Amino acid sequence: MSGTFGEAGKARGRRVAGRAALGTHRRDALTGALLVLPAIALALTFKIVPLLRGIYTSLFLTQLGEAAHWNHFSNYLRMAHDPTVQRAFVNAAKVVATLPVWVVVPLVVALLIFQRTPGWGFFRAVYFMPYTIAPVIVGQVFRELLHAQGPLNELLRALGLHFLALSWLGDKGIALFSLVAVVLWSYFGLGVVTYLAGLGTISDELFDAAALDGAGFFTRMFQIVIPIIFPVMGYWTILCTSGMLVWMFPFIFAMTEGGPGYATMLPEYLVYITAFRFSELGYGTTIGVALFVFVLIFAIFQVRYMYVSGTKRQGA
Amino acid sequence: MRAVRAKTWLLTAILMVALVASLAAGGQGERGAVTIKLLGWQPGGAETWTKVAAMFMEKNPGIKVEMETVPMEGFYPKEGAYITAKSGPDIMGNNCGFETWERKDGYLDIRPRLTKEAVGHLLDTTSNHLAYDVNKPSYGISFSYQGNVWYYNKKILKAAGLDPANTPVTWDEFDRAAKAIKAIGKAPIATGVGHTIAYWIFPEIAKNFWENDKQISNFAMGNYRWSDPALANTLKYMADMSERGWFEEGAATINMQPDGFNFFLREEAAFTPSIISDAFHWKAAGDAIGHENVGAMLAPSINPKAPFARKFSGVPGSSWGITPWSKHPDEAWKFIVYFCSADLANTWLQMGGMQPNTTKFDAKINAYAPAFMQIQEIIKSPMVHTGVLNSGRELDELSRGYQEVMQGQLSVDDWIKRLNTALDESPLKKPDNPIWK
Amino acid sequence: MRRAGEAPAQRLRRRVSRVVITILLVFGAFVALFPIYYTAATAFKTQKDYALSRFAPPREPTLENFRLQFRRFAVARLILNSVVTTAGGVVLCTIVAIMVAYAVTKVRFPGRNLVFAFLVGTLVIPFPTIMIPVYQTVLELKLVDNYLGLILAYAAFGLPLGVYLLGAYFRGIPDEIMEAARMDGTSHWQTIWRVMFPISRPGVAALGIINSVWMWNDLLLPLLIMPAAQRTTLMVAVTSQRNNLEVNIPIISAGLTIAMIPILLVYLLFQRQLIKGMTAGAVK
């Protein structure tokens, strides 16, 4: 393995790179541009151009099918005073606030599997399976499971836990969190797999050595495991922050349709019903543009963090 | 290296196949035959439509019919996309009333095509016109007739000590029956939420309070508000149904289609508010429970003597029309006329359980279903279906609000306020809107 | 795991914790698997069986619901449509993402971080906002009802995650490996496919699985881009039965089960690669 990849090889590589640097800059720039060109073309065609058209729609259209005419920001002014829109964004903020659960739950499960109790391979395989089931199926099944007279509550009542047998999808206070829980059910396997990969880099000797030193389970967790998988945690956190709201959309369809009332109304779903059920294409798109800005603000912070941590790791 | 090369070849092969397949896709439909495309949700069942299309294509060898079926949540976006892009299928369908009017840019005015030969046999073509005015554009025709009845399970009624031949007519009679039904552990009424609240439940309660046709017209025009007596009382009594415990537990958290209806099919409830055509009808109920066990009746009345109380809320089922961008409007119309023709009435009836929009059918085909025969009597005294006179926003608010009202989370007064807001935000429901002139 | 020199008390505590952990994991597995079981079990029931008990296993299992689905749909054709578009989407997305990941992490060109941020950032554009314009674009490209249209769309929508995942993965591969290869005279392009790709196969496989799943299950993109009945995907076809056509829930469940099986199989076959592939920076 030495030679190309060993220390000597690395040193030779660095010297060569240094000598060739000046001459290859322009070639690199061209190569880089060509390599990213297909991706940029796809992103422009299917995301950016449609987004720009959407912005145009919000500024020039109100009703479906009508001719385009400058509407003097009427859609935006209307949105600013629309209590339903405000409600939807408040709900979005509540969803984002559940982020810690998204980060911690898969970690806990990954740690449990990591203990290598009998059948751990089976569990590792099984916990990813929810992700493979289409949201439309998941939503429908959970709608029945979480019904106030459904099997979950039946089980809770049978165990004597009557106070826990809540109306999971009917109670306005908890419906949103029930919805988040179902979406988390669908995606937590992805997190488990991500964390397991990170945990896999922890050697057994390190673990056992700590045990011999008398370190308890929790001490070992916090002092050895967490620091090592910190980058993985960061990676997963960023994925969840940007994906959470996007992931919820198909589940709202299948489970609550924004109800009861507006308890689980999120901006993306509001865009959908405004544009397509009310046929108010211009106004619906306007709400969509507002949602884009809302998430973009988060995205900017994420990407900056990623960039910073990415360069840190490269330099390390 | 060999592994990499092998994989590269494999990838290339896959891409080649995909490309060739996609190129092949473009070629279809250009070989002589005219292809017309239809966007719909196949009311009456997929099998029936396949058969009808096949029969048409046999009679018309130069025309190919392609169906485009979509999941319900996809239907409105597809229409929206087609209308915006001014391109798409040749035939589309919507419910009569605001559902079509709010999407009228997707339909040609077919008044010139409404010849006696084409549509003379149809019972109702007025409802396909804008604002129900025959001097205004017509956006389609309908082969089926639609409306609201309540189905009941005779076995459950008998078990509750009730007489299936004498079903409740008044509010109080129903309340007594409800108590008896609950006593044997069944729910009186199976329901759920969704747009069916506006289409299936709202009109049957509102019937008790409309005083005259003018009020209903005003409602359509946006000149009659939810705080006005007829509508306010309707909402109050809809809430009353829930307060009296007539619905199954948890009705507010499920969709009527299909789960609320399935509650009835699982014989957990004695009654269910539903429709006579398309789906969720006597045929579906009878196939599940046994046709001899299913009956159909009008909803119980709060004021049985009110002018509309014992009338049948009727409207043509899905209005089918030609799209403005269609390159084959004549062929499209040919197909529409075909599947709306009197000849096909028996086919729709037999295979799909569709109530035809014509008298030219043989009711005896379905004599095996008592509920169907009851329906033939019920539809003899129709009235305007007020459910389809709700705008998109009102449809949504009726369901959303009812969901909260059913759980005691919203007062009727607040519900009225929200519906008035929905009304105010509905672009077409303005009295001075040109479509009403 | 052998633990040398453990005191008996510690061993007992460890055994108890193992039992507790196993119980927790079993409960979790039950929760994870129940919806699959429920959908599949319902598919084998008659309407009457379903009416008797929704959640118990079928009393008199029947294949009739499946037969009906095969009569109602050209299932083989639908599966072909799904396979071609999903495979095409996965392959295209992976190739394009590899190119970007390599360029952004290994090639020093100006603006590479901006490109990376831009591509990953497109994840946050809300879909309903761009739904109709996407259709208009595909229409203008004359790619409606064309496999290529959906493949391109899938690739575009899978790019943010692909670039993110492979970018992190490639970043973990030491630069020296690449530089040594370059020093031997190989071009960037050859370096990607002869050096980077073999090393990063696990990461590529992981991306492949993650993309396959959502592309197979997606409803809205095929709805817009492949509306014709013979071109639509399996998932769109079977879910279009709900809410309007079909009141019989076992029949609907049979369709959903048919749609679930292929992607479950793909996952089970490749799940080992998935674990290996999620490791970023594990290449030593």
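Of note:
For clarity, chains are labelled A, B and C in written order, and residue numbers in each chain start from 1.
Just so it is clear, a contact is a pair of C-beta atoms (placed from the backbone, for glycine too) under 8 Å apart; a residue touches a chain by one contact, two chains touch by 3 or more.
All values derive from a computational prediction rather than experimental measurement.
When the interfaces B-C and A-C are ranked by C-beta pairs in contact, the top one is A-C.
Note: the chain lying farthest from chain A is B, by mean C-alpha position.
Chain centres here are Cα means. That of chain B falls 36 Å from that of chain C. One inter-chain figure worth recording: chain A and chain C are separated by 15 Å, centre to centre, where each centre is the mean of the chain's CA atoms. Annotation for chain B: residues touching 2 or more other chains are 71, 73, 77, 80, 84, 255. Contacts with at least two other chains are made by residues 128, 131-132, 136, 219, 239, 242 of chain C. Among all residues of chain A, those that touch two or more other chains are 136, 144, 272, 275-276, 281. Within the complex formed with chain C, the residues of chain B that make contact are 1, 3-4, 8, 11, 14-15, 17-19, 21-22, 25-26, 37, 39, 41-43, 45-47, 66-74, 77-78, 80-81, 84-85, 87, 89, 255, 257-258, 261-262, 265-267, 279-280, 284, 287-288.
Of all residues in chain C, those touching chain B in their complex are 47-48, 50-51, 71-72, 84, 87-88, 91-92, 95, 128, 131-132, 135-136, 139, 142-143, 145-149, 151, 193-194, 197-198, 219-220, 223-224, 227-231, 236-237, 239-249, 252.
Note for the complex: chain A touches chain B at residues 62-66, 136, 143-144, 147-150, 167, 169-170, 172, 253, 257-262, 272-273, 275-281.
Residues 4-5, 9-10, 12-14, 16-17, 25, 28-33, 35-36, 38-40, 42-43, 45-51, 53-54, 57, 109, 112-113, 115-120, 122-138, 140-142, 144-145, 151, 185, 189-190, 193-194, 196-198, 200-201, 204, 208, 211-212, 217, 231-232, 235, 239, 242-243, 246, 249-250, 267-268, 271-272, 275-276, 281, 284-285, 288-289, 291-292, 295-296, 298-299, 303, 306-307, 310, 313-314 of chain A are the ones touching chain C in the complex. The touching residues of chain B, counted against chain A in their complex, run 71, 73, 76-77, 79-80, 83-84, 102-106, 193-194, 249-250, 252-255, 259, 391-393, 395-396, 399-401, 403-404, 407, 409-410, 426-427.
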